[in-house]
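Look at the two complexes coming up: chain A is in both, with chain B in one and chain C in the other.
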Partner chain A sequence: MDWRLLLAQIVAGIAAGALYFLVASGLTLIWGAFSVINLAHGSFFMIAAFATTACVAAFGPQAGLLTALIAVPLAVCALAVVLEKTLFHRVHRFGMWGQLLFSFGLLLILNDLVRTIFGPVPRSISPPEMLRSYVALGGVRIASYQMAILAVTGLVALFLWILLARSRTGRLIRAAVDDPAMLGAVGVDVSRLRARVMGIAAFLAGIAGVVAAPRGAVNTALDVQTVLIAFAVIVIGGLGSVWGALFAALLIGVAEAVSTLYIDQGSEVVIFAVMALILIVRPTGLRTIVGRA
Partner chain B sequence: MRLIASLVGSLVLAAALAPLSKTAVAEEPVIVAGTFDLSGAAADVGKDVFEGTQYAIKIVNEHGGVLGRRVELRFQDNGTNPQKAVDQANALAREGAQFLMAPQSSASAIAVSKSVSGKLKIPVCISSSNSDDITIKDFQPYVFEMGPNSYMEMRAVSTKLAKEPYLRYAIVSADYAGGRANANRFKEFMKELNPKAEIVVEEYPKFGATDYTASINKILAAKPDYVYTVLFGSDLLTFSKQAAAIGFFSEIKNHFMALYDGNTLKALADNAAIGTEGWQRAPVNLLAKLSPEGAAYVSGFKASAGHYPSDWTTLAYDCVTVWAQAANAAKSVEPDAVMAAIESKEFQSIRGDFRFGKFDHQAEVPVFIGSVVQNKEFDQPLLDVTSIIPGAQVRPSEETVKKLRGG
Partner chain C sequence: MERLSGTRIASVLILAVVAAALAWVVSPAALPGVTRIVVLAGAVMSLNLLIGNLGLISMGHGLFIGAGAYIVAVANVKYGVPVGQGALLAIGGAVLLAIVTGFMVLRARALFFALLTLAFSQVAFVFVARDYSLTGGDDGLVGIDIPAWLDGDVQKHLLAVATTTLVCLLILIMLASPFGATLRAIRDNRDRVASLGANPTFHEFVGYIIASALGAMVGVTAAVTREAVEPGVFSWVTGATLLVMVALGGRSAFFGPIVGLAILELTRSWVQSFSEHGDLAIGALVILCALLFPEGVAPWANDVFAAHRARKREAG
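Showing the complex of A and B:
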């Protein structure tokens, strides 16, 4: 066993998992609070990534990324709130299948819209100059930019903890997770809360899209790729559990990276193998192990 | 200078497309039809092929059309969906198309070739897809392939590398049938051409992966002399960026070979791994210098589209102009006459003159190999071509083709 390579793969897996968590945290929040299946969550990620390339093209790698980090998640959040208020709220009463079909349609429309605006050719942006090198620790190399993503993930996790544990919105979200029907009965404006949660979820997807953009090709396949992994994460983590999603994202990331030591193909299979294994042992996902939000 | 080149090029093309009458364009138009991947997974390639087709038709019409008849394009967007591509190609063919441009993804191209062109007996040209199944296992008499197929590319690359002192190779390919087939062919050729070479690590990350760090770590740990990849487009872009971020290319001393196309290099911009090697099907910087026709084509296309032609654009352009030459030579747009000309004539193109194999209709076009440089003229990284491997040197022989067809 090459222990140095094993360590390198674990570090790579944690870094990949951090990004998975950024996307999945929002998705699990909406599911947990309102049992809303939003396939278009991946679209928010993709839109944010494309918007980031536009910001970097306009202001350069450093100022552009900083601008994107502030403005893009807010813009995506606003878009999600508008979509919730104008379209999504109409399909909630149709249950899971209605939401599934509607959000899939929305995903296709947003994909075509992005293709029309940005064109079909993949885009690429550079990370800021100061984050283009790497750090070598005990023979393990980690890109500075990946360390920055880990730092952002830490901040997002902290934000979520404060939101859920310390704010009124958080208390209402937790109440919705426990008993959504009860909320309306005690006079909470559920429609407004739903729009707020949708906005927060899109905000998180927006942050993920911004920080992911300099890591690779920005193309219109990102929406489906992202939402697929995010769904695996929230199923493994336990539907609605933010901390379960964090654990599941890291688990998937590490499993994917470590699996390359033994198999040379199809790391995606590993994600779903982990999912199947967890569901056999715990059909509700990991949330009872890690604790729900 | 460009204007002169453009004028000279136009004159040469006019001669190539002769005998044409500039006045007799009032007859029924000749219909060229295409189902293009204008949306979906292959939309980036589809857009370029579409532009190349449009531009070629414009040029052909400017020079009198085909047999004096104006050429008209009819098209549909198949969304990178093979079933939709077949349905659309069928409809377009039945509406009177005399020539089909194949869709861009290999799956769709093979489906249209077999299910539409072969059955309805209408010539179809394959531009961007280069799966050798099209001209070998799935060959039918009305298909012709304009790019070097995967067999030729693998043969060209392995022939070049076999002469180098590298013995420990790493292979990286996206995990899909075509990538695997290319990787296997590379291994087979290396075994034949340099038996001392060994494959020390193979990695097949999923198609469209967003994180290659684990594969990159694994390759570095195997300490290869040379890394050969079958990644391209978005996959190559993401791999290159993430590899560069942890000093991969300096660690392997730039001993890295990939299919670089102009679009990917443009998108990579300052993230391109300068000094690494690659192969290409139609490098715009070389075509602009190779001949007056090439210079005219590059400047003319840029003036028309506002950007330089990509590899896919050029292959599509060649499809239409070669078909037009075949129809003019045959003095007919009838499928059998055109295909007979394809099998027997020599064709002029901006990649040089070439013939097609009679037994597989594969164009004997060259494979361009070089290293990545920052090109000031085009203001983007491009391949500085150091070897032009003639198609006739690397194409499969008739015997090999028969063997591969299982005959």
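Showing the complex of A and C:
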């Protein structure tokens, strides 16, 4: 076994896991704090990825990606807040079944709109000039774009930690995860908080979508693919647990990347196999091991 | 406890006769499509046994439908086993599969259960789609050798109707039994049932096996009526589609899943006949239904009927 190859795969897995974490952390917060199932969460990721390809086509690889990194997550965040304020808040009180139906409908509509606007052909963009090469670290060659992904997601995770641990919004979110009914009873405007969390979640998914766009083909199957992985991450990590999700995302990312050394295709089966194994051992996810946000 | 009322049995049989009569009403070209919908009806009914009566939201019901379809197809195409014996083999295999997976998935609850079942069917999907020597890989298997009495679209349609009717009747009988009553009691209050001396996990286990066996029956029918199988049945698409049909029609009404199936499939084929934005229309329809009938269309319709009848009784 070539340990350099293995190390490179592990770094690649961590980079992929970091992206999974960005998508899943928002989903687990919405679920944990407000018991909302949002099947359309992956659509935010897909929309951001397509918008990034449009930005790159308009402004060139470097400026385009930078513009996308700033503008696209904000736009996706705005879209999520508008959807929450106009439609989504109506189904919250219906419980899981109403939300399941509603968000499934949303998933179909967003997918159809994206297909209509951007066309059915997958798009691909290349990373900016300065991030196309390799970094050699003690003999291990690591694509510099992966380092960039790690840097961006690390910053976002830090921001998320500060938000949850230090800010008033974060305290309210943690309180909502613990006991949403009580939070409403002490006079907090829960529906406003929910819109804010929806916005944050979409913002995180948007960043993931922008950063992930140069990694591979951007196609209209991304939404379902992403949301399935995100759900796998949050059940492995434990519902509502942000840092459980972080651990689970890295675990899945690394397992998937390392498995490509041994099996030639079908790495997504590894995700589900890992999920099945962990849920068989711990039917409510890892939350109790890793600790709660 | 729900009783095995004559009206229920009669409504199943009337529906079956209407569905069978479609074989002579619709054009021969459209008949295979109708047969497919009848088979799907059996699939959603067997899934709703888990969802509506046990409160177990399975997203991996495609595993058992696929297992049924594939066992009969592999046995027939690769080993020359006649379809009849193959069907028995398929149901037996599905029961075994349900016993093995049941031990693992029933430890989890709610969303965890949903995703664990999804994981199993997804793993099966990848294995079936990769193995070109036994299961035919991505292409599936074609050329199932069906007996002469089944040769013809009308005969196949009648077989599909018979299977779906059988599934409905079996579920009706089970629901009316003390066993069925215990299942619903477990769904409503698990701890209380345990405190009364019944074993909730055992009942759930048996319910899971029965639903799986019924799913396999439907899978066999799907394979035989199409004379082919493809790995798509295992994928999350099948599980999610069936789940949405159940949610749309209403899990608490007996015929709810079939109502959901009819709404989705009729809209899809109607919209697709003139536009390629089928997803857009279906998405809008599903959202509308979620806003108007969050618990499904059929329970709402039942309520309306009941209120209407009560008003009539007062007036008369």
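The definition used in the following text is that the second predicted complex is superposed on the first by the 284 of 293 C-alpha atoms of A that agree within 3 Å, B and C clash if a C-alpha of one lies under 4 Å from a C-alpha of the other, contacts with A are read in each partner's own complex, and residues count from 1 in each chain.
The definition used in the following text is that contacts are C-beta pairs under 8 Å (C-beta built on N, C-alpha and C of every residue); 3 or more make two chains touch, one makes a residue touch a chain.
Predicted, not measured: the structure shown is a model, and the values here were computed from it.
When the two structures are aligned on the shared chain, A:L137 is found in touch with neither chain B nor chain C. Using the contact criterion defined above for the overlaid structures, shared-chain residue A:S126 touches chain B, although it does not reach chain C. Shared-chain residue A:D112: touches chain B and chain C both.
Contact with neither chain B nor chain C is seen for A:A165 once the two complexes are overlaid on the shared chain.
Of the two partner chains placed by superposition, only chain B is touched by A:R4; chain C is not. Of the two partner chains placed around the shared chain by superposition, chain B is the only one that A:A15 touches, whereas chain C remains out of contact. When both complexes are overlaid on chain A, the residue A:M275 reaches chain C alone and has no touch with chain B.
Look at A:A212: by the touch rule set out above, it reaches chain B but stays clear of chain C. In the superposition on chain A, A:L74 makes contact with neither chain B nor chain C.
Comparing the two interfaces of chain A, the one with chain B and the one with chain C have residues 112, 115, 265-266, 268 in common. By the touch rule above, chain C contacts chain A in their complex via residues 104, 107-109, 111-112, 115-116, 118-120, 122-123, 126-127, 129-130, 236, 240, 243-244, 247-248, 251, 277, 279-280, 282-291, 294-296. Across the complex, chain A is touched by residues 38-39, 41, 43-44, 46-47, 175, 201-206, 208-211, 213-215, 217-218, 221, 233-235, 237-238, 241-242, 245-247, 263-264, 267-271 of chain B.
Note for the complex: chain A touches chain B at residues 2, 4-5, 8-9, 12-13, 15-16, 19, 112, 115, 119-124, 126-127, 132, 134, 141-146, 212, 214-217, 219-222, 225-226, 256-258, 260-261, 264-268. By the touch criterion stated above, chain A contacts chain C in their complex at residues 31, 37, 87, 90-91, 94-95, 97-102, 104-109, 111-113, 115-116, 224, 228, 231-232, 235, 239, 265-266, 268-269, 272-273, 275-276, 279-280, 283-285.
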